[in-house]
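Mind having a look at this structure? Questions to follow.
Each chain gets a letter, A, B, C and D, in the order it is written, and its residues are counted from 1.
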Amino acid sequence: MVEPNDEQSKPPPRRRLPRNGPVADDGIALSVRVRYFETDQMGIVHHANYPVWFEAARSEYCRVREIDYRGMEADGLALPVVALNVRYLSAAHYEDELYIRAKVVECRRSLLRIHYSVSRDEKTLATGETLQMLIERASGKARTFAPEIAERFLAPR
Amino acid sequence: MVEPNDEQSKPPPRRRLPRNGPVADDGIALSVRVRYFETDQMGIVHHANYPVWFEAARSEYCRVREIDYRGMEADGLALPVVALNVRYLSAAHYEDELYIRAKVVECRRSLLRIHYSVSRDEKTLATGETLQMLIERASGKARTFAPEIAERFLAPR
Amino acid sequence: MVEPNDEQSKPPPRRRLPRNGPVADDGIALSVRVRYFETDQMGIVHHANYPVWFEAARSEYCRVREIDYRGMEADGLALPVVALNVRYLSAAHYEDELYIRAKVVECRRSLLRIHYSVSRDEKTLATGETLQMLIERASGKARTFAPEIAERFLAPR
Amino acid sequence: MVEPNDEQSKPPPRRRLPRNGPVADDGIALSVRVRYFETDQMGIVHHANYPVWFEAARSEYCRVREIDYRGMEADGLALPVVALNVRYLSAAHYEDELYIRAKVVECRRSLLRIHYSVSRDEKTLATGETLQMLIERASGKARTFAPEIAERFLAPR
(Lines give C-alpha, C1' and ligand atoms only; values in the text may rest on other atoms or scores of the structure.)
Protein backbone atom coordinates (compact mmCIF):
# COMPACT_ATOMS: atom_id res chain seq x y z
CA MET A 1 0.00 0.00 0.00
CA VAL A 2 1.17 3.46 -0.77
CA GLU A 3 0.60 6.45 1.39
CA PRO A 4 2.02 9.45 -0.34
CA ASN A 5 2.48 11.90 2.49
CA ASP A 6 5.30 14.21 1.94
CA GLU A 7 7.50 17.22 2.33
CA GLN A 8 4.79 19.56 1.24
CA SER A 9 1.86 21.17 2.90
CA LYS A 10 -0.96 19.89 0.76
CA PRO A 11 -1.65 16.24 0.21
CA PRO A 12 -0.62 15.36 -3.33
CA PRO A 13 -3.23 14.10 -5.72
CA ARG A 14 -3.53 10.34 -5.36
CA ARG A 15 -1.56 8.76 -8.14
CA ARG A 16 -1.29 5.28 -9.44
CA LEU A 17 2.16 3.87 -8.94
CA PRO A 18 4.05 1.61 -11.34
CA ARG A 19 2.63 -1.87 -11.02
CA ASN A 20 5.47 -3.83 -12.51
CA GLY A 21 8.59 -2.26 -11.09
CA PRO A 22 11.35 -4.18 -9.37
CA VAL A 23 9.62 -3.52 -6.08
CA ALA A 24 6.36 -5.36 -5.50
CA ASP A 25 3.22 -3.47 -4.64
CA ASP A 26 3.26 -4.32 -0.98
CA GLY A 27 6.41 -2.26 -0.52
CA ILE A 28 6.40 1.11 1.17
CA ALA A 29 6.49 4.23 -0.94
CA LEU A 30 8.16 7.18 0.68
CA SER A 31 7.31 10.46 -0.96
CA VAL A 32 10.09 13.01 -1.27
CA ARG A 33 10.11 16.41 -2.91
CA VAL A 34 13.41 17.13 -4.69
CA ARG A 35 15.37 19.81 -2.88
CA TYR A 36 17.29 22.51 -4.71
CA PHE A 37 20.38 21.37 -2.83
CA GLU A 38 20.06 17.98 -4.49
CA THR A 39 20.46 19.39 -8.00
CA ASP A 40 23.79 19.89 -9.72
CA GLN A 41 24.93 22.15 -12.53
CA MET A 42 23.70 19.63 -15.11
CA GLY A 43 20.26 20.79 -13.91
CA ILE A 44 19.30 17.35 -12.60
CA VAL A 45 19.45 15.57 -9.26
CA HIS A 46 23.02 14.53 -8.52
CA HIS A 47 23.36 10.74 -8.55
CA ALA A 48 24.84 10.61 -5.03
CA ASN A 49 21.48 11.61 -3.54
CA TYR A 50 19.74 8.37 -4.51
CA PRO A 51 21.47 6.25 -1.84
CA VAL A 52 20.28 8.81 0.71
CA TRP A 53 16.70 8.42 -0.50
CA PHE A 54 17.05 4.63 -0.47
CA GLU A 55 18.08 4.88 3.15
CA ALA A 56 15.13 7.12 4.00
CA ALA A 57 12.79 4.58 2.39
CA ARG A 58 14.52 1.80 4.32
CA SER A 59 13.95 3.69 7.57
CA GLU A 60 10.33 4.13 6.67
CA TYR A 61 10.07 0.42 5.86
CA CYS A 62 11.37 -0.39 9.34
CA ARG A 63 9.08 2.15 10.99
CA VAL A 64 5.99 0.73 9.34
CA ARG A 65 6.95 -2.81 10.34
CA GLU A 66 7.89 -1.69 13.83
CA ILE A 67 11.49 -2.77 13.50
CA ASP A 68 13.30 -0.63 16.02
CA TYR A 69 16.58 0.25 14.38
CA ARG A 70 17.46 2.80 17.04
CA GLY A 71 16.95 0.10 19.63
CA MET A 72 19.27 -2.21 17.71
CA GLU A 73 21.95 0.50 17.76
CA ALA A 74 21.36 1.02 21.47
CA ASP A 75 21.97 -2.72 21.92
CA GLY A 76 25.42 -2.36 20.37
CA LEU A 77 24.51 -3.57 16.91
CA ALA A 78 24.98 -1.84 13.57
CA LEU A 79 23.84 -2.55 10.05
CA PRO A 80 26.38 -0.99 7.71
CA VAL A 81 25.89 -1.05 3.95
CA VAL A 82 28.43 -3.41 2.36
CA ALA A 83 27.27 -3.16 -1.24
CA LEU A 84 25.30 -0.66 -3.26
CA ASN A 85 24.06 -0.76 -6.84
CA VAL A 86 22.09 1.93 -8.63
CA ARG A 87 20.78 2.07 -12.18
CA TYR A 88 19.78 5.54 -13.33
CA LEU A 89 17.16 5.38 -16.06
CA SER A 90 15.86 8.92 -16.29
CA ALA A 91 16.71 12.19 -14.57
CA ALA A 92 14.86 13.75 -11.64
CA HIS A 93 14.49 17.51 -11.33
CA TYR A 94 13.99 20.22 -8.74
CA GLU A 95 10.57 20.09 -7.09
CA ASP A 96 9.69 16.73 -8.59
CA GLU A 97 7.58 14.67 -6.29
CA LEU A 98 9.13 11.23 -6.20
CA TYR A 99 8.15 7.94 -4.65
CA ILE A 100 10.90 5.82 -3.21
CA ARG A 101 9.93 2.21 -2.72
CA ALA A 102 11.88 -0.32 -0.68
CA LYS A 103 11.37 -4.04 -0.35
CA VAL A 104 13.42 -6.55 1.60
CA VAL A 105 14.22 -9.46 -0.70
CA GLU A 106 16.54 -11.41 1.58
CA CYS A 107 17.21 -11.54 5.29
CA ARG A 108 19.17 -14.52 6.48
CA ARG A 109 22.03 -15.04 8.89
CA SER A 110 23.69 -11.62 9.03
CA LEU A 111 22.68 -10.33 5.59
CA LEU A 112 19.87 -7.99 4.59
CA ARG A 113 19.22 -7.36 0.90
CA ILE A 114 16.80 -4.63 -0.15
CA HIS A 115 15.55 -3.54 -3.56
CA TYR A 116 14.53 0.02 -4.35
CA SER A 117 12.85 2.01 -7.04
CA VAL A 118 12.45 5.73 -7.58
CA SER A 119 9.45 6.81 -9.60
CA ARG A 120 7.68 9.96 -10.75
CA ASP A 121 4.08 9.45 -11.75
CA GLU A 122 4.06 6.23 -13.70
CA LYS A 123 7.73 6.35 -14.64
CA THR A 124 10.60 4.51 -12.97
CA LEU A 125 13.61 6.84 -12.79
CA ALA A 126 16.03 4.55 -11.00
CA THR A 127 16.35 1.17 -9.36
CA GLY A 128 18.82 -0.04 -6.81
CA GLU A 129 19.92 -2.60 -4.29
CA THR A 130 21.74 -2.52 -1.00
CA LEU A 131 23.30 -5.34 0.94
CA GLN A 132 23.78 -4.75 4.66
CA MET A 133 25.50 -6.82 7.30
CA LEU A 134 24.44 -7.03 10.91
CA ILE A 135 27.48 -6.59 13.12
CA GLU A 136 28.36 -6.07 16.72
CA ARG A 137 29.73 -2.56 16.78
CA ALA A 138 32.41 -3.11 19.40
CA SER A 139 33.99 -6.12 17.74
CA GLY A 140 32.89 -5.64 14.15
CA LYS A 141 31.86 -9.31 14.10
CA ALA A 142 28.90 -10.53 12.08
CA ARG A 143 25.76 -11.35 14.08
CA THR A 144 22.69 -13.32 13.09
CA PHE A 145 19.34 -11.57 12.88
CA ALA A 146 16.90 -12.62 15.58
CA PRO A 147 14.16 -14.74 13.92
CA GLU A 148 11.39 -12.32 14.90
CA ILE A 149 13.29 -9.46 13.29
CA ALA A 150 13.94 -11.42 10.10
CA GLU A 151 10.26 -12.26 9.99
CA ARG A 152 9.26 -8.63 10.26
CA PHE A 153 11.67 -7.66 7.52
CA LEU A 154 10.26 -10.28 5.18
CA ALA A 155 6.57 -10.18 6.07
CA PRO A 156 4.20 -8.91 3.39
CA ARG A 157 2.25 -5.93 4.57
CA MET B 1 -1.86 27.14 9.18
CA VAL B 2 0.17 24.04 9.50
CA GLU B 3 -0.25 20.96 7.44
CA PRO B 4 2.16 18.36 8.67
CA ASN B 5 2.40 15.97 5.77
CA ASP B 6 5.72 14.33 5.52
CA GLU B 7 8.33 11.81 4.57
CA GLN B 8 6.51 9.01 6.29
CA SER B 9 3.68 6.77 5.39
CA LYS B 10 1.26 7.52 8.19
CA PRO B 11 -0.08 10.94 8.98
CA PRO B 12 1.53 12.14 12.19
CA PRO B 13 -0.69 12.97 15.11
CA ARG B 14 -1.78 16.56 14.89
CA ARG B 15 0.43 18.59 17.16
CA ARG B 16 0.32 22.08 18.47
CA LEU B 17 3.20 24.13 17.22
CA PRO B 18 5.12 26.74 19.16
CA ARG B 19 3.03 29.88 19.36
CA ASN B 20 5.71 32.39 20.15
CA GLY B 21 8.59 31.46 17.90
CA PRO B 22 10.34 33.86 15.59
CA VAL B 23 8.03 32.72 12.81
CA ALA B 24 4.42 33.81 13.07
CA ASP B 25 1.66 31.25 12.92
CA ASP B 26 0.62 32.01 9.41
CA GLY B 27 3.91 30.68 8.11
CA ILE B 28 4.23 27.34 6.37
CA ALA B 29 5.45 24.36 8.32
CA LEU B 30 7.26 21.77 6.29
CA SER B 31 7.54 18.44 8.00
CA VAL B 32 10.78 16.51 7.58
CA ARG B 33 11.87 13.23 9.06
CA VAL B 34 15.58 13.27 10.01
CA ARG B 35 17.58 11.00 7.71
CA TYR B 36 20.39 8.80 8.97
CA PHE B 37 22.65 10.51 6.45
CA GLU B 38 22.03 13.82 8.24
CA THR B 39 23.52 12.60 11.52
CA ASP B 40 27.20 12.85 12.40
CA GLN B 41 29.40 10.95 14.81
CA MET B 42 28.31 13.21 17.66
CA GLY B 43 25.01 11.34 17.26
CA ILE B 44 23.06 14.47 16.31
CA VAL B 45 22.05 16.15 13.08
CA HIS B 46 25.04 17.90 11.56
CA HIS B 47 24.59 21.67 11.60
CA ALA B 48 25.15 22.02 7.84
CA ASN B 49 21.82 20.32 7.15
CA TYR B 50 19.73 23.14 8.56
CA PRO B 51 20.29 25.51 5.64
CA VAL B 52 19.11 22.69 3.37
CA TRP B 53 15.90 22.37 5.38
CA PHE B 54 15.44 26.13 5.38
CA GLU B 55 15.61 26.02 1.61
CA ALA B 56 13.09 23.19 1.41
CA ALA B 57 10.72 25.22 3.60
CA ARG B 58 11.33 28.25 1.39
CA SER B 59 10.44 26.21 -1.70
CA GLU B 60 7.29 25.06 0.01
CA TYR B 61 6.45 28.63 0.96
CA CYS B 62 6.70 29.61 -2.71
CA ARG B 63 4.68 26.62 -3.84
CA VAL B 64 1.83 27.40 -1.48
CA ARG B 65 1.76 31.03 -2.59
CA GLU B 66 2.07 30.06 -6.24
CA ILE B 67 5.34 31.86 -6.72
CA ASP B 68 6.90 30.10 -9.65
CA TYR B 69 10.60 29.96 -8.85
CA ARG B 70 11.35 27.58 -11.70
CA GLY B 71 9.69 30.04 -14.03
CA MET B 72 11.86 32.84 -12.64
CA GLU B 73 14.94 30.76 -13.40
CA ALA B 74 13.65 30.03 -16.89
CA ASP B 75 13.32 33.82 -17.36
CA GLY B 76 17.04 34.22 -16.67
CA LEU B 77 16.73 35.29 -13.05
CA ALA B 78 18.32 33.77 -9.96
CA LEU B 79 17.92 34.31 -6.25
CA PRO B 80 21.21 33.37 -4.60
CA VAL B 81 21.61 33.42 -0.84
CA VAL B 82 23.88 36.30 0.17
CA ALA B 83 23.69 35.90 3.94
CA LEU B 84 22.80 33.09 6.30
CA ASN B 85 22.45 33.02 10.09
CA VAL B 86 21.56 30.03 12.21
CA ARG B 87 21.18 29.70 15.97
CA TYR B 88 21.22 26.12 17.23
CA LEU B 89 19.35 25.81 20.49
CA SER B 90 18.93 22.08 20.93
CA ALA B 91 20.00 19.02 18.97
CA ALA B 92 17.88 17.04 16.52
CA HIS B 93 18.26 13.28 16.20
CA TYR B 94 17.74 10.46 13.72
CA GLU B 95 14.07 9.83 12.93
CA ASP B 96 12.89 12.97 14.68
CA GLU B 97 9.91 14.50 13.00
CA LEU B 98 10.64 18.17 12.63
CA TYR B 99 8.66 21.15 11.45
CA ILE B 100 10.49 23.76 9.45
CA ARG B 101 8.71 27.07 9.29
CA ALA B 102 9.54 29.90 6.92
CA LYS B 103 8.20 33.43 6.83
CA VAL B 104 9.16 36.25 4.50
CA VAL B 105 9.85 39.33 6.63
CA GLU B 106 11.12 41.67 3.92
CA CYS B 107 10.84 41.85 0.16
CA ARG B 108 11.80 45.12 -1.40
CA ARG B 109 13.85 46.19 -4.37
CA SER B 110 16.11 43.18 -4.98
CA LEU B 111 16.22 41.78 -1.44
CA LEU B 112 14.28 38.94 0.13
CA ARG B 113 14.65 38.28 3.84
CA ILE B 114 13.19 35.13 5.38
CA HIS B 115 13.03 33.88 8.94
CA TYR B 116 12.98 30.21 9.86
CA SER B 117 12.45 27.99 12.82
CA VAL B 118 12.97 24.28 13.33
CA SER B 119 10.83 22.65 15.99
CA ARG B 120 10.08 19.22 17.41
CA ASP B 121 6.80 18.99 19.27
CA GLU B 122 6.56 22.20 21.26
CA LYS B 123 10.28 22.85 21.31
CA THR B 124 12.22 25.21 19.05
CA LEU B 125 15.52 23.55 18.10
CA ALA B 126 16.91 26.26 15.85
CA THR B 127 16.12 29.59 14.28
CA GLY B 128 17.61 31.22 11.26
CA GLU B 129 17.54 33.89 8.62
CA THR B 130 18.51 34.11 4.98
CA LEU B 131 18.96 37.14 2.80
CA GLN B 132 18.67 36.59 -0.93
CA MET B 133 19.24 38.90 -3.84
CA LEU B 134 17.34 38.80 -7.11
CA ILE B 135 19.81 38.95 -9.97
CA GLU B 136 19.91 38.55 -13.69
CA ARG B 137 21.94 35.40 -14.18
CA ALA B 138 23.75 36.44 -17.34
CA SER B 139 25.01 39.76 -16.00
CA GLY B 140 24.90 39.15 -12.26
CA LYS B 141 23.15 42.51 -11.88
CA ALA B 142 20.55 43.13 -9.19
CA ARG B 143 16.96 43.22 -10.37
CA THR B 144 13.85 44.53 -8.66
CA PHE B 145 11.07 42.13 -7.71
CA ALA B 146 7.91 42.58 -9.74
CA PRO B 147 5.26 44.12 -7.43
CA GLU B 148 2.92 41.14 -7.80
CA ILE B 149 5.70 38.78 -6.76
CA ALA B 150 6.64 40.92 -3.76
CA GLU B 151 2.99 40.98 -2.77
CA ARG B 152 2.74 37.21 -2.88
CA PHE B 153 5.88 36.83 -0.82
CA LEU B 154 4.54 39.15 1.86
CA ALA B 155 0.85 38.25 1.84
CA PRO B 156 -0.49 36.59 4.97
CA ARG B 157 -2.01 33.23 4.20
CA MET C 1 51.69 31.08 7.40
CA VAL C 2 49.80 29.45 4.65
CA GLU C 3 50.52 26.07 3.23
CA PRO C 4 48.16 25.39 0.44
CA ASN C 5 48.57 21.66 0.09
CA ASP C 6 45.31 19.87 -0.03
CA GLU C 7 42.93 19.35 2.71
CA GLN C 8 45.87 19.28 5.06
CA SER C 9 48.64 21.71 5.68
CA LYS C 10 51.63 19.44 5.43
CA PRO C 11 52.46 17.23 2.52
CA PRO C 12 51.62 13.69 3.53
CA PRO C 13 54.41 11.20 3.86
CA ARG C 14 54.91 9.39 0.59
CA ARG C 15 53.22 6.06 0.93
CA ARG C 16 53.17 2.93 -1.09
CA LEU C 17 49.75 2.26 -2.45
CA PRO C 18 48.11 -1.13 -2.89
CA ARG C 19 49.69 -2.80 -5.89
CA ASN C 20 47.01 -5.30 -6.73
CA GLY C 21 43.79 -3.42 -6.32
CA PRO C 22 41.16 -3.13 -8.99
CA VAL C 23 42.82 0.05 -10.18
CA ALA C 24 46.14 -0.30 -11.91
CA ASP C 25 49.11 1.67 -10.74
CA ASP C 26 49.03 4.21 -13.47
CA GLY C 27 45.76 5.57 -12.12
CA ILE C 28 45.48 8.88 -10.34
CA ALA C 29 45.27 8.94 -6.58
CA LEU C 30 43.36 11.83 -5.15
CA SER C 31 44.02 12.45 -1.51
CA VAL C 32 41.07 13.42 0.66
CA ARG C 33 40.87 14.03 4.37
CA VAL C 34 37.62 12.71 5.85
CA ARG C 35 35.39 15.60 6.96
CA TYR C 36 33.35 15.49 10.14
CA PHE C 37 30.29 16.16 8.01
CA GLU C 38 30.91 12.88 6.20
CA THR C 39 30.55 10.78 9.35
CA ASP C 40 27.25 9.42 10.63
CA GLN C 41 26.06 8.33 14.04
CA MET C 42 27.55 4.88 13.51
CA GLY C 43 30.86 6.74 13.87
CA ILE C 44 32.01 5.94 10.35
CA VAL C 45 31.87 7.66 6.98
CA HIS C 46 28.37 7.41 5.58
CA HIS C 47 28.30 5.22 2.48
CA ALA C 48 26.69 7.91 0.30
CA ASN C 49 29.91 9.93 0.39
CA TYR C 50 31.90 7.42 -1.65
CA PRO C 51 30.24 8.28 -4.97
CA VAL C 52 31.14 11.91 -4.29
CA TRP C 53 34.78 10.94 -3.80
CA PHE C 54 34.70 8.79 -6.93
CA GLU C 55 33.52 11.82 -8.84
CA ALA C 56 36.26 14.00 -7.39
CA ALA C 57 38.83 11.40 -8.46
CA ARG C 58 37.23 11.27 -11.90
CA SER C 59 37.52 15.05 -12.19
CA GLU C 60 41.14 14.81 -11.20
CA TYR C 61 41.70 12.06 -13.75
CA CYS C 62 40.33 14.35 -16.46
CA ARG C 63 42.36 17.31 -15.26
CA VAL C 64 45.60 15.37 -15.36
CA ARG C 65 44.86 14.11 -18.87
CA GLU C 66 43.71 17.54 -19.98
CA ILE C 67 40.22 16.39 -20.79
CA ASP C 68 38.18 19.55 -20.57
CA TYR C 69 34.90 18.48 -19.02
CA ARG C 70 33.74 22.04 -18.48
CA GLY C 71 34.34 22.67 -22.16
CA MET C 72 32.28 19.60 -23.03
CA GLU C 73 29.42 21.00 -20.96
CA ALA C 74 29.81 24.38 -22.63
CA ASP C 75 29.45 22.55 -25.96
CA GLY C 76 26.06 21.26 -24.91
CA LEU C 77 27.18 17.79 -23.87
CA ALA C 78 26.72 16.03 -20.56
CA LEU C 79 28.05 12.82 -19.07
CA PRO C 80 25.49 11.61 -16.54
CA VAL C 81 26.13 8.54 -14.44
CA VAL C 82 23.83 5.72 -15.55
CA ALA C 83 25.10 3.00 -13.24
CA LEU C 84 26.97 2.89 -9.96
CA ASN C 85 28.34 -0.01 -7.93
CA VAL C 86 30.18 0.22 -4.64
CA ARG C 87 31.61 -2.52 -2.44
CA TYR C 88 32.41 -1.40 1.09
CA LEU C 89 35.14 -3.55 2.62
CA SER C 90 36.19 -1.64 5.70
CA ALA C 91 35.04 1.57 7.35
CA ALA C 92 36.66 4.99 7.03
CA HIS C 93 36.75 7.41 9.95
CA TYR C 94 36.95 11.11 10.69
CA GLU C 95 40.31 12.64 9.76
CA ASP C 96 41.48 9.56 7.91
CA GLU C 97 43.64 10.44 4.97
CA LEU C 98 42.35 8.45 2.04
CA TYR C 99 43.49 7.91 -1.49
CA ILE C 100 40.84 7.68 -4.15
CA ARG C 101 42.04 6.09 -7.36
CA ALA C 102 40.22 6.18 -10.68
CA LYS C 103 40.97 4.34 -13.88
CA VAL C 104 39.05 4.36 -17.13
CA VAL C 105 38.54 0.77 -18.22
CA GLU C 106 36.29 1.34 -21.21
CA CYS C 107 35.50 4.26 -23.48
CA ARG C 108 33.69 3.43 -26.67
CA ARG C 109 30.78 4.86 -28.57
CA SER C 110 28.88 6.81 -25.91
CA LEU C 111 29.93 4.81 -22.84
CA LEU C 112 32.61 5.52 -20.26
CA ARG C 113 33.35 2.92 -17.61
CA ILE C 114 35.60 3.78 -14.67
CA HIS C 115 36.90 1.72 -11.77
CA TYR C 116 37.69 3.17 -8.38
CA SER C 117 39.33 2.22 -5.14
CA VAL C 118 39.49 3.93 -1.78
CA SER C 119 42.48 3.11 0.38
CA ARG C 120 44.05 4.10 3.66
CA ASP C 121 47.71 3.25 3.96
CA GLU C 122 48.04 -0.18 2.41
CA LYS C 123 44.43 -1.15 2.93
CA THR C 124 41.62 -1.05 0.38
CA LEU C 125 38.45 0.20 2.07
CA ALA C 126 36.14 0.20 -0.91
CA THR C 127 35.99 -0.41 -4.64
CA GLY C 128 33.52 0.81 -7.17
CA GLU C 129 32.50 1.33 -10.75
CA THR C 130 30.55 3.94 -12.64
CA LEU C 131 29.13 3.81 -16.12
CA GLN C 132 28.46 7.14 -17.79
CA MET C 133 26.80 8.00 -21.05
CA LEU C 134 27.73 10.91 -23.27
CA ILE C 135 24.58 12.76 -24.28
CA GLU C 136 23.53 15.94 -25.95
CA ARG C 137 21.90 17.91 -23.18
CA ALA C 138 19.17 19.54 -25.23
CA SER C 139 17.88 16.33 -26.79
CA GLY C 140 19.07 13.76 -24.30
CA LYS C 141 20.38 11.70 -27.23
CA ALA C 142 23.49 9.56 -26.96
CA ARG C 143 26.59 10.96 -28.65
CA THR C 144 29.84 9.25 -29.61
CA PHE C 145 33.07 10.29 -27.93
CA ALA C 146 35.45 12.10 -30.25
CA PRO C 147 38.40 9.74 -30.94
CA GLU C 148 40.94 12.11 -29.40
CA ILE C 149 38.91 12.29 -26.20
CA ALA C 150 38.52 8.51 -26.02
CA GLU C 151 42.26 8.22 -26.51
CA ARG C 152 42.99 10.56 -23.65
CA PHE C 153 40.62 8.70 -21.37
CA LEU C 154 42.31 5.39 -22.13
CA ALA C 155 45.94 6.46 -22.42
CA PRO C 156 48.32 5.14 -19.77
CA ARG C 157 50.02 7.93 -17.94
CA MET D 1 52.22 7.36 -10.57
CA VAL D 2 50.70 8.74 -7.47
CA GLU D 3 50.96 12.28 -6.33
CA PRO D 4 49.19 12.64 -3.06
CA ASN D 5 48.84 16.38 -2.89
CA ASP D 6 45.37 17.47 -2.01
CA GLU D 7 42.41 17.07 -4.16
CA GLN D 8 44.61 17.58 -7.15
CA SER D 9 47.65 15.81 -8.41
CA LYS D 10 50.05 18.70 -8.83
CA PRO D 11 51.06 21.05 -6.09
CA PRO D 12 49.27 24.31 -6.67
CA PRO D 13 51.35 27.31 -7.59
CA ARG D 14 52.15 29.27 -4.47
CA ARG D 15 49.79 32.16 -4.39
CA ARG D 16 49.53 35.28 -2.39
CA LEU D 17 46.44 35.25 -0.26
CA PRO D 18 44.22 38.21 0.57
CA ARG D 19 46.05 40.36 3.09
CA ASN D 20 43.14 42.25 4.54
CA GLY D 21 40.42 39.70 4.98
CA PRO D 22 38.67 38.99 8.21
CA VAL D 23 41.16 36.24 8.89
CA ALA D 24 44.67 37.34 9.77
CA ASP D 25 47.63 35.97 7.89
CA ASP D 26 48.69 33.56 10.56
CA GLY D 27 45.58 31.52 10.00
CA ILE D 28 45.58 28.17 8.24
CA ALA D 29 44.54 27.98 4.63
CA LEU D 30 43.00 24.72 3.62
CA SER D 31 42.92 24.16 -0.10
CA VAL D 32 39.81 22.53 -1.55
CA ARG D 33 38.89 21.81 -5.13
CA VAL D 34 35.18 22.38 -5.78
CA ARG D 35 33.42 19.06 -6.41
CA TYR D 36 30.72 18.66 -9.02
CA PHE D 37 28.45 17.42 -6.26
CA GLU D 38 28.77 20.80 -4.56
CA THR D 39 27.25 22.70 -7.49
CA ASP D 40 23.54 23.30 -7.92
CA GLN D 41 21.39 24.04 -10.93
CA MET D 42 22.20 27.74 -10.67
CA GLY D 43 25.65 26.59 -11.87
CA ILE D 44 27.40 27.70 -8.67
CA VAL D 45 28.41 26.09 -5.41
CA HIS D 46 25.35 25.63 -3.22
CA HIS D 47 25.54 27.84 -0.14
CA ALA D 48 25.10 24.92 2.29
CA ASN D 49 28.56 23.61 1.40
CA TYR D 50 30.40 26.53 2.98
CA PRO D 51 29.77 25.43 6.59
CA VAL D 52 31.23 22.05 5.61
CA TRP D 53 34.37 23.75 4.31
CA PHE D 54 34.57 25.91 7.43
CA GLU D 55 34.53 22.75 9.48
CA ALA D 56 37.25 21.15 7.38
CA ALA D 57 39.40 24.26 7.88
CA ARG D 58 38.66 24.13 11.61
CA SER D 59 39.80 20.50 11.74
CA GLU D 60 42.96 21.47 9.92
CA TYR D 61 43.51 24.33 12.35
CA CYS D 62 43.30 21.86 15.24
CA ARG D 63 45.56 19.37 13.52
CA VAL D 64 48.27 21.95 12.92
CA ARG D 65 48.12 23.11 16.55
CA GLU D 66 48.01 19.53 17.80
CA ILE D 67 44.64 19.95 19.43
CA ASP D 68 43.31 16.43 19.59
CA TYR D 69 39.61 16.76 18.88
CA ARG D 70 39.12 13.03 18.53
CA GLY D 71 40.68 12.61 21.95
CA MET D 72 38.29 15.19 23.37
CA GLU D 73 35.37 13.19 21.97
CA ALA D 74 36.85 10.00 23.42
CA ASP D 75 36.90 11.78 26.80
CA GLY D 76 33.15 12.32 26.57
CA LEU D 77 33.26 15.93 25.41
CA ALA D 78 31.69 17.48 22.34
CA LEU D 79 31.93 20.85 20.68
CA PRO D 80 28.65 21.45 18.84
CA VAL D 81 28.12 24.54 16.72
CA VAL D 82 25.63 26.85 18.43
CA ALA D 83 25.72 29.72 15.95
CA LEU D 84 26.71 30.12 12.32
CA ASN D 85 26.92 33.19 10.12
CA VAL D 86 27.95 33.30 6.50
CA ARG D 87 28.21 36.21 4.08
CA TYR D 88 28.38 35.21 0.42
CA LEU D 89 30.16 37.83 -1.64
CA SER D 90 30.84 36.10 -4.92
CA ALA D 91 30.05 32.68 -6.35
CA ALA D 92 32.38 29.69 -6.51
CA HIS D 93 32.29 27.27 -9.41
CA TYR D 94 33.08 23.67 -10.28
CA GLU D 95 36.80 22.90 -10.21
CA ASP D 96 37.71 26.21 -8.59
CA GLU D 97 40.63 25.88 -6.26
CA LEU D 98 39.66 27.63 -3.06
CA TYR D 99 41.45 28.49 0.13
CA ILE D 100 39.52 28.22 3.33
CA ARG D 101 41.07 30.09 6.22
CA ALA D 102 40.13 29.71 9.86
CA LYS D 103 41.20 31.74 12.86
CA VAL D 104 40.14 31.37 16.46
CA VAL D 105 39.17 34.81 17.74
CA GLU D 106 37.85 33.83 21.15
CA CYS D 107 38.22 30.86 23.45
CA ARG D 108 37.10 31.38 27.00
CA ARG D 109 35.09 29.41 29.49
CA SER D 110 33.05 27.05 27.31
CA LEU D 111 32.92 29.16 24.13
CA LEU D 112 35.01 28.96 20.97
CA ARG D 113 34.55 31.60 18.28
CA ILE D 114 36.18 31.17 14.89
CA HIS D 115 36.30 33.40 11.82
CA TYR D 116 36.56 32.06 8.29
CA SER D 117 37.16 33.24 4.79
CA VAL D 118 36.89 31.53 1.44
CA SER D 119 39.03 32.91 -1.33
CA ARG D 120 39.96 32.19 -4.93
CA ASP D 121 43.20 33.79 -6.04
CA GLU D 122 43.12 37.26 -4.54
CA LYS D 123 39.39 37.42 -4.18
CA THR D 124 37.36 36.80 -1.04
CA LEU D 125 34.22 34.87 -1.97
CA ALA D 126 32.72 34.46 1.47
CA THR D 127 33.33 35.12 5.14
CA GLY D 128 31.84 33.47 8.16
CA GLU D 129 31.81 32.83 11.86
CA THR D 130 30.95 29.91 14.08
CA LEU D 131 30.38 29.82 17.80
CA GLN D 132 30.84 26.45 19.49
CA MET D 133 30.20 25.35 23.01
CA LEU D 134 32.21 22.74 24.89
CA ILE D 135 29.83 20.31 26.54
CA GLU D 136 29.89 17.02 28.32
CA ARG D 137 28.11 14.69 25.94
CA ALA D 138 26.32 12.57 28.52
CA SER D 139 24.79 15.46 30.43
CA GLY D 140 24.80 18.19 27.80
CA LYS D 141 26.29 20.54 30.40
CA ALA D 142 28.76 23.26 29.48
CA ARG D 143 32.39 22.58 30.37
CA THR D 144 35.32 24.95 30.60
CA PHE D 145 38.23 24.57 28.18
CA ALA D 146 41.41 23.36 29.83
CA PRO D 147 43.88 26.30 29.90
CA GLU D 148 46.42 24.47 27.74
CA ILE D 149 43.77 23.80 25.10
CA ALA D 150 42.58 27.41 25.12
CA GLU D 151 46.19 28.48 24.73
CA ARG D 152 46.72 26.29 21.71
CA PHE D 153 43.54 27.55 20.11
CA LEU D 154 44.62 31.17 20.53
CA ALA D 155 48.36 30.90 19.95
CA PRO D 156 49.71 32.65 16.86
CA ARG D 157 51.49 30.24 14.60
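Keep in mind that, in the parts below, a contact is a pair of C-beta atoms (placed from the backbone, for glycine too) under 8 Å apart; a residue touches a chain by one contact, two chains touch by 3 or more.
Keep in mind that this is a model prediction, so the values were computed, not measured.
Of all chains, the one whose CA centroid is most distant from that of subunit A is D. Here A-D and A-B are compared, and the pair linked by more C-beta contacts is A-B. Measuring from the averaged C-alpha position of subunit A to that of subunit B gives a distance of 25 Å. The geometric centre of subunit A is 34 Å away from that of subunit D, both derived from CA atoms. Residues of subunit B in contact with two or more other chains: 36-37, 41-44, 48, 52, 55, 94. Within the complex, the subunit D residues that touch subunit C are 1-12, 14-15, 17, 25-33, 35-37, 52, 55-56, 59-60, 63-64, 70, 94-95, 99, 101, 157.
Across the interface of their complex, subunit A is touched by residues 36-37, 39-44, 46, 48, 94 of subunit D. Within the complex formed with subunit C, the residues of subunit A that make contact are 41-42, 44, 47-49, 51-52, 55, 73, 78, 80-89, 91, 137.
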